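Every chain is named by a letter (A, B, C and D) in the order it is written, and numbering of its residues begins at 1.
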């Protein structure tokens, strides 16, 4: 007998968008691993050969595939180091805010009453402040570092998960099999873990993949305004921020990190978009925004 | 109290609040169960018949201890279990739901669904699996289904699983909430047969909820007719079918192909009266549809009165006959 | 069918084409020259205040310098002092009492005449307001009005650089009845304020009654381009006549542009890498020397700064009197091998036993500082010292600097007055700012002596001695002196650049 | 039903007031979490004792947090967001000066995205499951995934370097324009200065496109999906069966229904964009609120940051409330 989980995976992989997304992501990841392991250039290795155009030769056997930046650092190496860094940070954001949001969502829907009301009002307030504004305010208070940027973005995105999880849990809670489980005399905790959570996970994962792309954009934007990564850390937003000063002489220093960032964001959006359609073809959805049909 | 009465309820009520859309003020109540007195003897099957919305499913949920009653008392074997169920009675009351499609968690294997009630009672996993296999056989399924997922099973098979799941805790009282209404006709008969067989084997007590008189007649010993949260007539099945008293029962039976064509009941339904008068007055809940309505019916609600031996009816017409 | 594919695509394409093409064509055709003689100046910083008692930043100073006059000015194109509101000045023997003789007939924009009383009032007002530059007035014990056009400053201690100090904007005279000088300044200078829109532009109009005669342009618009790249574009497009604050990376390309003139001069601002002597490992002179030898100065000057700065070998910039050219011989040069050796001698062979050191900077107003820091980070990594760069906002940066909460920092120093005293005393003596915790009693004594002497040659000899001692102690890694650059359109004439970043629009002409 | 509408509006307003109160609390808390003395945080490290004393008194910093909060609330109710000691000026004035620039940019970008997104969305729906649809949908996802960091830089290169257009600020400073509305495109026209208008127009295009392209991608997808859904619905089929000309079916039924999600998006994104996309305004030196926030961040001008968060959040809440109420008027289905 075929396990149902494998089957789901198979069906998901059959969706073109998801396949393309995974393909792009894997290619970038492989390049990134390759670069981190084998690049002859350290990400902070400076050289007098500044602003070399793409494919220019170098003092090693490797050419500067994407040229060099204003300190003669290899743009290719830095861009793909940044892939690992930004992806890691985005994952940290999603794990942090996702797990807190999950806990809040479950607590809120299960405990109900005053706790639900208080938690959801707090979430309402956080969500009624435009996210990037709040992230900037929090990051400014915490001080500029990539770590603080992660915390700020995580705080801002908690309500997205909390609300989502709460609504899914509430609808799952009403389902007959949960009632049946209750009837069997199972404890609330057991029902949440065994019956409710598995139904939250797919929606949660879909949202998380969308939020990954948001987190990447937020991290880069915070670094761009100076509230995130610091030199010489290879980070897309910081790279673009520095390269912006030289964009007329050396467009590649800004464009290539931006392009790889774009491809990463695109791949997560493709995956998320496809997953969402797969999970709920009836609901009209557009990347990142869920429009309820009445 | 008669010792072979296993289930007894006294004036059991379940009201739901109606709240306003935005400010959530309580603006009224839905009286889903509105004062139900029942007695079910050991080994008896009580058929609870009513149209949808009559509160029969809510009553089932209250009796299954899934919904807390608003008022009234509920005894199992003479023990008051209205508010809590003593440990030794856990698993003694079980329910089989109407919809076998959504009652099974699609992400759990059959075996995991089946052993859940036993795990809840603290039985260890290995013993539980053994026991579950036995019950699977009892409901006519082979052991290989243990490792299946619900989506691989037919509706009848699923309902068998649900029955097995109800039986694994060795209950004494089983509530069957329209267990066959979602199934196709041929499967219905098989399930009914199965239920009957098991009942005899295990000496179970059933509350059989249905809107289908034919099924009720086949399976039940006693039949209670429910309307708008209340029992309007109750008697053993022969009496109900041969001598229906309540106008509602008569209406129900008239829709039911009767063996005696002469007893056709085709009354004229009186012209409509404003719904509000009905909702807000204290009268009989059936008054709005009753062909035999009198002024009294709009003013006071009738009591359930015993007209003949073990034949009770809730109607003003029979007030004088006692 | 209304929404046939072709029509929709055509509409969308048309909209995009129009959106791009119309402005392209029309701006090419139609930018007409406004009639007045308007000088448009582009800069990257917004003034913070236009009150001379409050202003302590370049952007504010540029505007204030053209609305107000100070007592003392500079000879064109130099840092040498010249008369301005004061026709002449003199001091007593030990430089502790200074008398200034005012120019007669100078009028404020509102018609008030400048008198010694007003000079006195202006100083008292600035002292009372306690704005950011008010500490510069601490040296003044009292101001005496000798007669209508003579004012006397009695100082708390002998202080020979006092006339240089009197060229600072806080010595601008303000009329006594003025209110809200912050936004509505009234001065004696060549221009009056017309409007100031924060973050966008300051508009000045000519003061036709200026005591030196009316300026050569009718209007000066100081336009703020917070983004240096757009400033450069604006210059190339001819949107601005004078560009202040062009970034080093743009200078090379602009200097080749035939339509644009470049004016440059060696500045007096110094940039260095400071270290906290209160903490290990910086309390070890060998370690500090190792850092001095580890930095690739040529890379920083030629690659990062693209030749827009000159090397700083000691505490003083070359453009100031008292600078000793000998310092270029005994100063530190890039020598990683020697740096490694010194590091080992200091007790940290190949960096073993060192924690990760923190380098704090504030790059908000000097983007290239980030790059210089990145180079230093890499240079130090190569001899085994690991550092982490923390880029702070300016106020947090100062906060940590003055609370001595740092390992290393990079900053520059704008002199408040152009005299070696304003480098040596605040930065290297224990009675100065005391940022690094550098402590050398010989330096303390010599610096104190130097500010009391009135004879220039004697002072120069003392400062040469001081430079040698300080370089030997290696309290910092001395980095560079940025050159000053201003780019102007070919048709703009008469612009004179001063090493002290005094921007004077008065003589500027537009042909 | 009328009662229901009144109730709904009342309920939404209460909710909005509550949210605004919540935002004030959050901003207040953020301002008190700052390390060190809040007065120094407000004034910067060069604060003089007198100024610190003044600020301490004005904001009640020596009192309990509860009293501080009351003072804070009462000041905000009077429209006083405090003073920026870093930039000079009151925060309220700084924001008021910058806000029109952001609003102008956003409205322009929004219109641009409607012009691009909606017709293509309808086209995509009508040609659903064809190559055209596939191409458009792909473009939509790509458009939506464009980080403004990259798009802004690309447009800066294209417009500024390749086309040689001015790409910074709102207008050439040589044009002296009397300000009537604060919206430069309107003001230049009101001044009757067509050259100035064209200059301003050419400058708003690149930043507006940076904002509009992702939004257009989103609108394309959204319009496509909702038109498609409506097209499948019974009444459209009925209309078609009644042999109504196709265009009328399209306009009367489909567009009306497709409008709903567009309004939702408008509500969601418009308010976010009014914050002035900080990145876009920084890249194009657009003197709006986003730019102000960027400046405030680099100067750590906490008063300006707080004030901006507050103002932007309130705008956001108000816009969303209005959109919700509008939505109810347009969609009869949710009135019930």
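By definition in this document, contacts are C-beta pairs under 8 Å (C-beta built on N, C-alpha and C of every residue); 3 or more make two chains touch, one makes a residue touch a chain.
Everything quoted here is computed from the prediction, not taken from an experiment.
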Original post:
Which chain pair is joined by more contacting C-beta pairs, C-D or A-B?
Top reply: C-D
Original post:
Measuring centre to centre, with centres taken as mean CA positions, what chain is farthest from chain B?
Top reply: C
Original post:
Taking each chain's centre as the mean position of its Cα atoms, how many Å separate chain A from chain B?
Top reply: 51
Subject >> Geometric centre distance via CA averages, chain D-chain B, whole Å >> reply: 57
Subject >> Centre distance in Å when chain B and chain C are each reduced to the mean of their C-alpha atoms >> reply: 89
Original post:
Counting in whole Å, what is the centre-to-centre distance of chain C and chain D, each centre being its mean C-alpha position?
Top reply: 38
**OP:** Spell out, as numbers or ranges, the residues of chain C touching 2 or more other chains.
**Re:** 229, 364, 396
Subject >> Contacts with two or more other chains, residues of chain D listed in rising order >> reply: 282-283, 297-298, 300
**OP:** Indicate the residues of chain B shared as contacts by at least two other chains.
**Re:** none
Original post:
Which positions of chain D touch chain C when the two form their complex?
Top reply: 44-46, 48, 50, 86-89, 94, 97-98, 112, 115-116, 119-120, 122-123, 126-127, 132, 159-160, 163-169, 172-176, 195, 198-199, 201-203, 205, 209, 246-247, 250, 282-285, 287, 291-292, 295, 297-300
Original post:
Where on chain B does chain A make contact in their complex?
Top reply: 64, 66, 90-91, 94-95, 97, 99, 102-108, 116-117, 119-121, 147-149, 151-152, 162, 165, 169
**OP:** Write out the stretch or stretches of chain A touching chain D in their complex.
**Re:** 17, 121-122, 124-126, 128-134, 136-138, 140-141, 213, 216-217, 220-221, 224-227, 236-237, 240, 243-244, 247-248, 251, 254-255, 258-259, 261-262, 265-266, 269-270, 273, 284-289, 291, 293-294
**OP:** Show which residues of chain C lie in contact with chain D when the two form their complex.
**Re:** 1-3, 5, 8-9, 11-12, 15-16, 19-20, 22-24, 26-27, 30-34, 38, 40, 46, 48-49, 130, 132, 182-183, 197-201, 221, 223, 225-227, 229-230, 233-234, 237, 239-240, 364, 393-396, 398-399, 402
**OP:** Flag every residue of chain C that touches chain A in the complex, lowest number first.
**Re:** 228-229, 232, 247, 249, 253, 299, 302-304, 363-364, 367, 370-371, 373-375, 377-378, 381, 388-392, 396
